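Chain IDs A, B, C and D follow the sequence of writing; residue 1 opens each chain.
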Amino acid sequence: MIKPNLEANIGGLRMKNPVMVASGTFGYGEEYGDLVDLNRLGAVVVKGITLEPKEGCPPPRIVETSCGMLNAVGLENVGVKAFIKERLPHLRGFDVPIIVNINGKDAKEYGVLAKILDGVEGISGLEVNISCPNVKAGGIYFGQDQAATYEVVTRVREVTNLPLIVKLTPNVTDITLIAKEAARAGADGLSLINTILGMAIDIHTRRPKLANITGGLSGPAIKPIALRMVWQVAQVVDLPIVGQGGIMTAEDAIEFILAGAKAIAVGTATFVNPKASIEIIEGIEEYLLREGIEDINALRM
Amino acid sequence: MILSQIKVLDHQEITPSYHRMVLESPAIARGAQPGQFLHIRISDRHEPFLRRPFSIHRVRREKEGQGEIEILYEVVGRGTEFLSKRQQGEYLDILGPLGNGFRIGSEGRRIEKGALLIGGGIGVAPLVFLCEELITNHQLPVTVLLGAKSQDNLLCEEDFRKLGALIKIATEDGSCGHHGLVTDLLPTVSPPSSPIYTCGPYPMLKAIARATQEYHLSCQVSLEAHMACGVGACLGCGLKTRQGYKYVCKDGPVFDACEVIWDD
Amino acid sequence: MIKPNLEANIGGLRMKNPVMVASGTFGYGEEYGDLVDLNRLGAVVVKGITLEPKEGCPPPRIVETSCGMLNAVGLENVGVKAFIKERLPHLRGFDVPIIVNINGKDAKEYGVLAKILDGVEGISGLEVNISCPNVKAGGIYFGQDQAATYEVVTRVREVTNLPLIVKLTPNVTDITLIAKEAARAGADGLSLINTILGMAIDIHTRRPKLANITGGLSGPAIKPIALRMVWQVAQVVDLPIVGQGGIMTAEDAIEFILAGAKAIAVGTATFVNPKASIEIIEGIEEYLLREGIEDINALRM
Amino acid sequence: MILSQIKVLDHQEITPSYHRMVLESPAIARGAQPGQFLHIRISDRHEPFLRRPFSIHRVRREKEGQGEIEILYEVVGRGTEFLSKRQQGEYLDILGPLGNGFRIGSEGRRIEKGALLIGGGIGVAPLVFLCEELITNHQLPVTVLLGAKSQDNLLCEEDFRKLGALIKIATEDGSCGHHGLVTDLLPTVSPPSSPIYTCGPYPMLKAIARATQEYHLSCQVSLEAHMACGVGACLGCGLKTRQGYKYVCKDGPVFDACEVIWDD
C-alpha cells in the first residue's frame, strides 16, 4: 500500500505531519538538538514570549504528581527582541514551521508583540496564549472571559496576516463559549488545552510544594479532560484544532484526531521520552497503514 | 547527550538504603566528566512519571569500545524504591551524560597545591569520580572530608582511601571520627587555600559557601533541583544566581559557590 | 504520648474521625460489609438518591485512564422510597453518621427530597449534589451557575434542619463564586470536588469508550486539581469543607486537611483498595503522633 | 469475600500470550464455586490503576488447611502484560472469590443427562473448574465444545480429557477439528437437551444464546464487563437484563442466557 498522507493545514499553516511540539516543553528548539531531528516535526511551537524579558517564578517550579506534573515556571523568557536576535537564527536552519507563542500583559501588548513578529523571516505562525496559569497580570484572565478573549484576538488579528492559533485554557465552565469568541475575532485555529491549575502540599514542611503555591497540571493525568474539551469544541466551532494535554503515544494522538483535532502537540511527554514526538509520527503512520486509511484528514469518529 | 537502553551489569545493596548500580555504556563512559549526571527513566509506564537525576559515581573505560558507569544512590521515595528493584540484566532508559561538571583548574589556572573534597551523606556520589580524575589524571594530592549522620551512613571511605586521598571523617552522632558536622573540620585542613569541591545537603553546602566566601576560597558546589527535562527545555530547575536564573540541569549541576544566591 | 483527637464537626454533624466514604463509591454500605467495619468510619455518604428510581446510563459505564477512571453510571439508584425502606435499615445498625446524597431534576425536587428525608431515623445529614456530570436534566447545571446554586440550596434549607453539605463541581471557571452562593443560601458545609468531565476514545472501533460519550474523571489523576480548589475555597468561605478527589493514602488526606479541609472523603481509592479508608484513618493518627499534634483541628498550613 | 496478600506458587507461560498462575489460598480454595472470579490488584502504584477480574480456573484443596487456586489468562493489554512479569514467590493483592458462579441443576432440578460446556478462546478458563465439579462431585457425563482461532490458541484440551469429558473441537482456520465456528458443532451434540454452560467472546455467547432460546434449552453464560469495585458498590458493570440493570460482578458473572438483553 502507498504511504498514507499525513499533511495537515492549520489555518494556512502547512505541515508535513500533524505533530507539533508544545510551547514551553521544547525550549527554543536547541535543547533536544542531538536527539530530535526538527526537520521531521510538523511544527515547533517555541516557549512563550513576552515583550520584555521575564524572570519567572522562584523555585521550586515543578512537582511530580500521579501520572503528571505541576509547573510554575511563570513564563520566564528572554523577551521578543532577544528571541528574534539570539534564538530564531538557529531555528531558521531547519525545514519546519516555527510558531511563536505570545503572551501580553493586556490586549494592547498582544498586538504590539504580534506586530513585531509579523513579517520576521522564519516565523510561520503565532500561537496566542490566553491561558498561562502562572502569571498574575494578564495570562489566565483573558482566556476565562469571553470579551477579553475577543479583544485580545482582535488586536492581534488587526496587525498580522500570519496564521493565528489561539490557545485556550481548560480552567473554564464552558470552553466552547471562549472558542466561539476566538473564532468570531478571526482566529485561524485553536490550541487546547493548556495546563489545569493544581496544587501540591508537602506534609512534612506543611508548605505548598511550589513556591508559586499553585501551578499548571500537565501529562497523562489530564488527557481525558483535554480530549473531552477538544471534542466539545470540535462539535460547535469550525476551526482547525491543535489537540494537546497528556499525549504520550501515537494512540493518544489518534484519540485526539478522532475527537476532532486536525493536529496535535506533544508537551510533557518529551521530558519523559525525548523522542516521543518522532515515535508518535511513526505510530500514526503505522496506524493509518494498518487501518487502510490513505489520508489522515479522512480519519473521523 | 545520548538516549539509550542501557544494561544493568550489577546492582548491589550496600545497606538497605544505599545501592550501587553498574551500567554498560561505552558511549557515556567515554564522554563523561566528573559532576555530570544521568537522567533515568524509572518506569515504562506513567508512574513514577518523571525521570530521576543521578550523578555519575564512577566510570570505567579500560578497553577501546568498552565502558561502564556507576551510580550510587539512596532510597528516599517511590522512584528510588522502584529503581532498587531493577535486576542485573534488565535495561534502563537513560539520557546522559548531562550538565556541566566540576571544573578542574577553573579559569585556566592550574591547581597546584591539591584539592579539598567535601561530601555529606549521599553527596559523596560524584566526588569519587572527581577524586579519581584529580589523582589519576592530574596527579594532585586530594583531601576528603566525609560527613554523615552516623557510621552506618558513611559512604565510600574505602574508595577514597584506595585512590590515595587523605580522609577526615565527622559523624553527627560521633560514632566515627569527629563528633559533629563535617564543616567543623574545615579549619583543620592544610593548606587552607586548596580549591574546594563539594556535594551534599543544602544546609551543608550553604555553610561551606559562606565559610569559603569569607576566606575568598574557590569553591564549587554540586546542587540539586527537581527536574523534568534535564536538558534546559522546561526551565523547571531554575536557580537564583547573581546573573539571574540559571538552570541546574544545563548550567550546573556544579556552580561556583559565590554565584549562587543562597536561600534562607 | 496521648492519642491525638481526630474528632471532626461538619456543620453540626459530629464524626469520630474526619474520614468519610464518598458517595457512589461505597454503595449503600453493604457491599464492603465483610471488609470494612462501618463503625470505624467518620461517616458514610451513600450513593446518590433521586425522587424516583433511576435507570442510569447504558454500558460501558467505566473506563480506566492514566491514574484514574471515567464513570458514567448516571445516578442509577432505587429512588428515595426504596432507599428508606430497603437500604437504610441495614445502615441503622451501625454507630456511624449516614449522609444521604440527594439529586433533583429541579430546585423544587431537591426540596421535596430533603423534606422526605428530614426526620427519618438514621439519617445524620444531607449532601446536596449539584454536580453530577452524567445526568442531563438537573445535575451539572446547578453547580455551574451561581443563581441555580443559591436556589437549590435555599429550597433544601427551608425544609430541613439536618446538617447540609453542598457538593460542588470542579467544572467551573471559579469555584469560589459557587461556594459563596452555597454559603449565602445556608449550607453548613461544602463537599469538593465531584468528578471532572472527561472522555476516552477507542481507536480501533473509533467510538467513545463510554456509551454516554463523556464521563466523570476520578482518582489520583485529579488530586492536584481538587487540592487547589479546596485551598481556594478555604481562603474565602468560612464553612467546613469535605475535601475529596484522588485521595489514596493518609498523606493525600493530610494534604487536603492542610489545604483547609475539615474532613475528607475516600472515593475511587476504595475500588483499588477496599481498606483504603481504614488505612487512611490509621495513617492520619500516626502522622499526628509523629508530628506531636494533639488535635487534628490544629493542623494547619 | 476475602482480601489478602497471596503468594504466587507457580507461574507458567503456556504460549507467549497465555499464562497459568497458581496461587496459595486455602481460604479462597475452600469457598470458591465454579464461575466465580478473583479481582487482582496489578500494581501497588497507581498504574495500571484498577484491579483486573479473572475467573477461577482450577482449585486444589487436598488437605485440611491447604489450598491452591489457579487462573489462566491471556495477555491482551497493559494489566495482563504487567501480571505476566510477576514471579514465583511474589505476593499479589487479591479480592475474592467474587460473584455468583454456575448453578448446577438450576431451580432445584437435577441434571440427569449430563452437561454441555462450550468454551471459546480464553473463555475456557472457568469451564475447567466447572467440568471437574460436574464430573467429580456430580458424576455427570460432560461434553465440551472447544473453539479457537487456530490450533495454537486451543486451550485446556488435555485438562478436559483427563477429567474424562468428551471433546469436540472447532478452529476458525481449520488447523484442528472442525473448520469453522464452535457454534457449528451445536447440532452434532447428543442428547441435544443437556443444559449448556458457556464462556467466550460476546458474539459467540450471543449466537449460542439465540440458538438455545429457539430450542428452549437451559443455558448459562459467563459474561465480562469493565469493572471497578467488583463487589456491587460502583454500579460500573451494569448489564441490561429483562429485569432491568444487573451487575456482572455481583449478580453474575454467570447469567441465564434468556435473561440477558443482547446488544447488536
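We adopt the following convention: contacts are C-beta pairs under 8 Å (C-beta built on N, C-alpha and C of every residue); 3 or more make two chains touch, one makes a residue touch a chain.
Here the structure is a predicted model, which means the values were calculated and not measured.
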item: Shared interface partners, meaning chains that touch chain A and chain B; value: C, D
item: Pair of chains joined by more contacts [C-beta pairs], B-C or C-D; value: C-D
item: Centre distance in Å when chain A and chain C are each reduced to the mean of their C-alpha atoms; value: 34
item: Inter-centroid spacing, chain C versus chain B (mean Cα positions, whole Å); value: 47
item: Whole-Å separation of chain centres (CA-atom averages), chain B against chain D; value: 55
item: Chain A, residues touching no fewer than two other chains; value: 65-68, 219-220
item: Sequence positions of chain D contacting 2 or more other chains; value: 46-48
item: Topology of the chain contact graph, where touching chains are joined (line, ring, star, complete, other); value: complete
item: Chain D to chain A touching residues, read off their complex; value: 46-47
item: Chain B contact footprint on chain C (complex, rising order); value: 66-67
item: Interfacial residue positions of chain A with respect to chain B in the complex; value: 24-27, 31-32, 34-35, 47, 55-69, 71, 73, 76, 219-220, 248, 268, 270-275
item: In the complex, chain A residues that touch chain C; value: 65-68, 70, 144, 171-174, 196-201, 203, 206-208, 213-214, 217, 219-225, 227-228, 231, 246, 251, 254-255, 258-259, 287, 300-301
item: Residue numbers on chain B that touch chain D, as the complex places them; value: 45-48, 78, 82
